[in-house]
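Below, chain A partners chain B and then partners chain C, in two separate complexes.
Here is the complex of A and B:
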């Protein structure tokens, strides 16, 4: 098996982490919204806004961390609109989500066209923060332990969110907001505030994911570059049944499918690129067919809460 | 309320409360004063404004006019959280617990958001509170697996743990078994003994008299009277009930009694005994109540203990035992002519309550009651008969023809009708106009649809006729049915299912959630239908209702028919024993 050489495996794992990280952030974010009862279809738009905003800030300021922060802010702004319309004003989550995604696609494409269509600027590679000893390991060393700080932070989100859900009042409130919002209200917790907090957190996570994609994954912004990553995030959240760790495994799996294309090119395997690019989406369908029945969703998912209505 | 304060100081007083919704005035100038150490019963028909009134105390709604004062100060309760902070805890009719969380986590809901819930401390407080009020709750069990009564206890515990001084129980007994309701009554007494004020909302008169220290009656959104503790203590049960009936309906209870005793000859045995005060009172078989109401009847029942050999026979083919010297024309029909509905060895799969080997026959003109505690397979049985769920084994015959393989519409067309208890869920489409809901099971069929095109004129004529015949009170036949009151939705359902060539009608808990007058009207419809030759199957959890209406009563337990008895003097005892599995 000449295929599984060290360069191939290194490229595969590195690519899996790079491609999977935005999915991880999107999936974790979506999971939080869904836990609170908001089906956040606007997450694709939040990622795209984060990708554009993050790229713009990083390009103008020259600082990748500042860019990531800008991306998180842009994602949060789109999420604030979602929270206003879907939670505060109790409009349809699906319609508003689709509208926000389409608006973000159009707006970022337009802005990109106006600003960068002549130059297509690229960002320099992000500075990495190698972890002593671990980064010297073959294959996983460069993929996991010689990466920018944001990679470690994103991975740290997984246990942090697990604890948040299991061990805090806010975690209980999130679950109650999704399963029985009227009960949460009767317990004296503001349902709308809980849900808005969840949606905003989703926006920040998804925006960071988008910014990561543009600044660290690609080094440039291209219109529509998220290419369905937000929707894969929705799938991950539904399959993970509320467990952040499962989102991580799912994100790595899909990330690996996405990075197969690059890795196969590294070793010069001759498969039509269309077939290779199809792999992640075929994988989504395969996973849905295999595990779709196990998805479990909160009882009040997608239902806006209005006090006193039954 | 602290001990230092005088006992008579009101905890909460509502003065001149008015609340309007579009098109309806739910409350008009209502006063309500809650005192510590009292169970204050709020009584009224459906739509009398009880729930709206306490909704304002619970922070779900704001009054349009009037003041709410708590501990003497005028306050604004603008959210459920504020209500809790003021010491007003509410147990709603529909459980307000998160089913996927444990009891403990439900109790922990509402702390500072970032903090770890203090589970150990909470368990200790919970245990102490349970001991104080004499109930048992496992803190680690998931709420979804508890019974409704247990959930209510958890909700009461939650209110107490949060230091509530006022406890509002909204229709708390409506979903409970008689035993559960009795337990709740005992619990309420213990709570008021601790100085709490309890508000019990109900439309059952016997509960009001049994549990209440003070009774306020609402009618059409207004206060129409209050019976204070001294007055209540001085009246005996019958005069108290008479007084309440007069307040609630603006009529004398005697006229209600006459209507109630307007039964078929078959029930002569009931009326030959000391007449019940009204048909509506004996809804819960509380021993207190029974002692007052039917001395003679119970003595009679006791004299005829169930002959078990004759009763515990699930087959409809066995001869029914006859009451002493009573002629039951229904039983003669049974013996003489062929059954309108005959079910043989019916088995149905269900994850919760499968049905096994059910055999029954119902003759034309007969009312067969299905008694049993809720959830013993009654719903599965009704749905299987109506064609809404597949049958594993056995036959269903309608007038001798096999209908087990037919779908819902075909059975409906043949005259097999099902009046569901889930009126707003599977019974009607809330957003559709009344006129369409009246032909809901005939969509696409002639004469209402021709070649796929809707004939609005035909549908409307049909609707107008049914509205008049069944006395459905609606602003217009185009009004969405969800906007009507529960009683009128039930009338519409009855109209739809009894109209046309009905042969066999299954009534699933037809009076649940209805007020006294609507319940009585519904029972009259059932009797009228039977009188016109329909075979009626009445599923009810209310034994008094079955005893008042049915010719025979079958008892369902654990998905089986455990016995069928004639509705004679012994039926109460026999059915009660079979229901509980004694």
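Here is the complex of A and C:
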């Protein structure tokens, strides 16, 4: 069909990666928290804070990388509150997570209203880092190998985290904090500190994902713009059950299905758009449930740890 | 005799119903509006807030505004507005049209909802499902006149009835102007009103499919569409035009805003207040149209004078009824129409 030209296919693959990357970062972050026993429901708020902070810094400084750093910092700040309330003070992880998300929604909308509601500034396209030879390939070249540095760094997080979980003491401590925190405590490792580190790392990753969405995905910030991406990240992490690579596949699959849905509509396939829009959610659930059944969630997930309690 | 008795009883019953569920003329002291996003989006929310304030000032009543409420449960806010003395609450989001009638029953304060005409109840619930289809028809004619590639796109962040109607009218207008035109249609998500990243992504795909004029319908997501047309070249390497809806984003334009189907809801909200005073609230729907300028097409410097003059002549023909533009609120009708148009 003449519609499937190289520019159109490139746009679809590019769109899939751009849509999937924030989910990848959010999912990897959530996975780390869950591994340590913290169900981080506040990740949507962390992404939104990261989106706002990232956009603000990028717009004021004129630097996309600085903006991404700003977004990571804002996500980390929201995560610090989560760590304080849920890990240090042992409050309900679900209640605090929801409260932080609502607070982030309200605060970022208010700040946007004060600063940008009359001007809606937009950022220029981010500079890319083309990989020699690969970037010249048709369709996948510009979509995958001629992207901003953050895209490569985010993808590199997957093997890095896999190795961290498998081969380092901190990785083992994370797993023990989620599976048997009392045993970790008995081994002389501070459970609360381990969990707090995991939650903070989650905030940094989610904040970066939010900043990517605002700076590169949209080129601007609007209130509520994460549109539930954090919750999709939670689903990916839950279904991937501890395996970073599965989060990557899930995020890319989700992004590809979004592009597929767009392609079907643009081609003019006459089926209800609700059915088409359901494809990404149904596909990710089906694939991850089918292939991820053997892994299990941490035994102490969602359970606050208090020394001496059993 | 039996007929007369029936008529009298019927009239008494109707008047009783109206009086029980409605607010007396003297009671209309304040009108309220609830919006999901800030009233600064150059679109649906801003038009709602601005129109309510103008209507309230015109009618000499107080305006109460609750903005940025999101798309969740607004029952507490509805109750608060009722307690604060609102005589009418406008629930300005299709996502509120389940909660608002419930609270109306509970508090007996009349509400106006959108996209749910079946919820209408005399004296208590009115519907204002809006459609600027007449303006969208002209936008379609404009897009067809301005396209260089022969392909135009429609990007929407959802499929509420009002937007379906405008999408259909846009397609009809484009087809009427240029029968061989190709129309690409894409929905960002089931309710992706604030999904700016999704707006940009989908618009880029539609541009890559050949469109050089985008008719975009979205709240916050429309800014993502705008970003996409500003940063993406058309298939012929030239500029991509953007036609917006409801509001005027001229002050934000970087050279790609071709026009907008402008809405003015002030006459609608004013009519609601008048209906409350006349005890006719909830007995009929409301409409916006070219004839009273509650719908219009934004004139920008990017539209050549000759094209604008032709559009003005078409506008007169729509108003006079010579050109008939019927609203089509159903999404499936839009899909069929867009597919048929694209296939030509």
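The rule we apply is simple: the second predicted complex is superposed on the first by the 268 of 310 C-alpha atoms of A that agree within 3 Å, B and C clash if a C-alpha of one lies under 4 Å from a C-alpha of the other, contacts with A are read in each partner's own complex, and residues count from 1 in each chain.
Everything that follows uses one rule, which is that a residue touches a chain if its C-beta (ideal position, glycine included) is under 8 Å from a C-beta of that chain, and two chains touch if they have at least 3 such contacts.
This one's a predicted model, so the numbers in the text were calculated from it and none came from an experiment.
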Inset, instruction - For A:270, select first, second, both or neither according to whether it touches chain B, chain C, the two together, or no partner. - result: second
Inset, instruction - Would you check which partner chain A:172 touches, where first means chain B only, second means chain C only, and both and neither mean what they say? - result: first
Inset, instruction - Look at A:90 in the shared chain and tell me whether it touches chain B only, chain C only, both, or neither; answer first, second, both or neither. - result: neither
Legend entry - chain C versus chain B, contacts on chain A by residue: C
Inset, instruction - Applying the touch criterion given at the start, work out whether A:129 contacts chain B, chain C, both or neither, answering first, second, both or neither. - result: neither
Inset, instruction - For A:307, select first, second, both or neither according to whether it touches chain B, chain C, the two together, or no partner. - result: first
Inset, instruction - Could you say whether A:155 touches chain B, chain C, both of them, or neither, answering first, second, both or neither? - result: neither
Inset, instruction - Examine A:186 and indicate which partner it touches, taking first as chain B and second as chain C; both and neither are also allowed. - result: first
Legend entry - In the complex, chain A residues that touch chain C: 3, 5, 7-8, 10-12, 14-15, 18-19, 22, 105-106, 109-110, 112-113, 117-120, 122, 124-125, 213-214, 217-225, 227, 258-259, 262-263, 265-266, 268, 270, 272-274, 276-277
Legend entry - Contact footprint of chain A on chain B as seen in their complex: 55, 58, 60-61, 79-81, 83-85, 90, 92, 94-101, 105-106, 108-117, 158, 162
Inset, instruction - Show which residues of chain C lie in contact with chain A when the two form their complex. - result: 37-38, 40-42, 68, 70-71, 159, 184-187, 189-190, 192, 194-202, 204-210, 220-221, 223-224, 226-227, 230-231, 235, 251-252, 254, 331-332, 335-336, 338-339, 342-343
Legend entry - Residue ranges of chain A touching chain B (in the complex, touch as defined): 167-170, 172-173, 175-176, 179-180, 182-190, 299, 307-308, 310
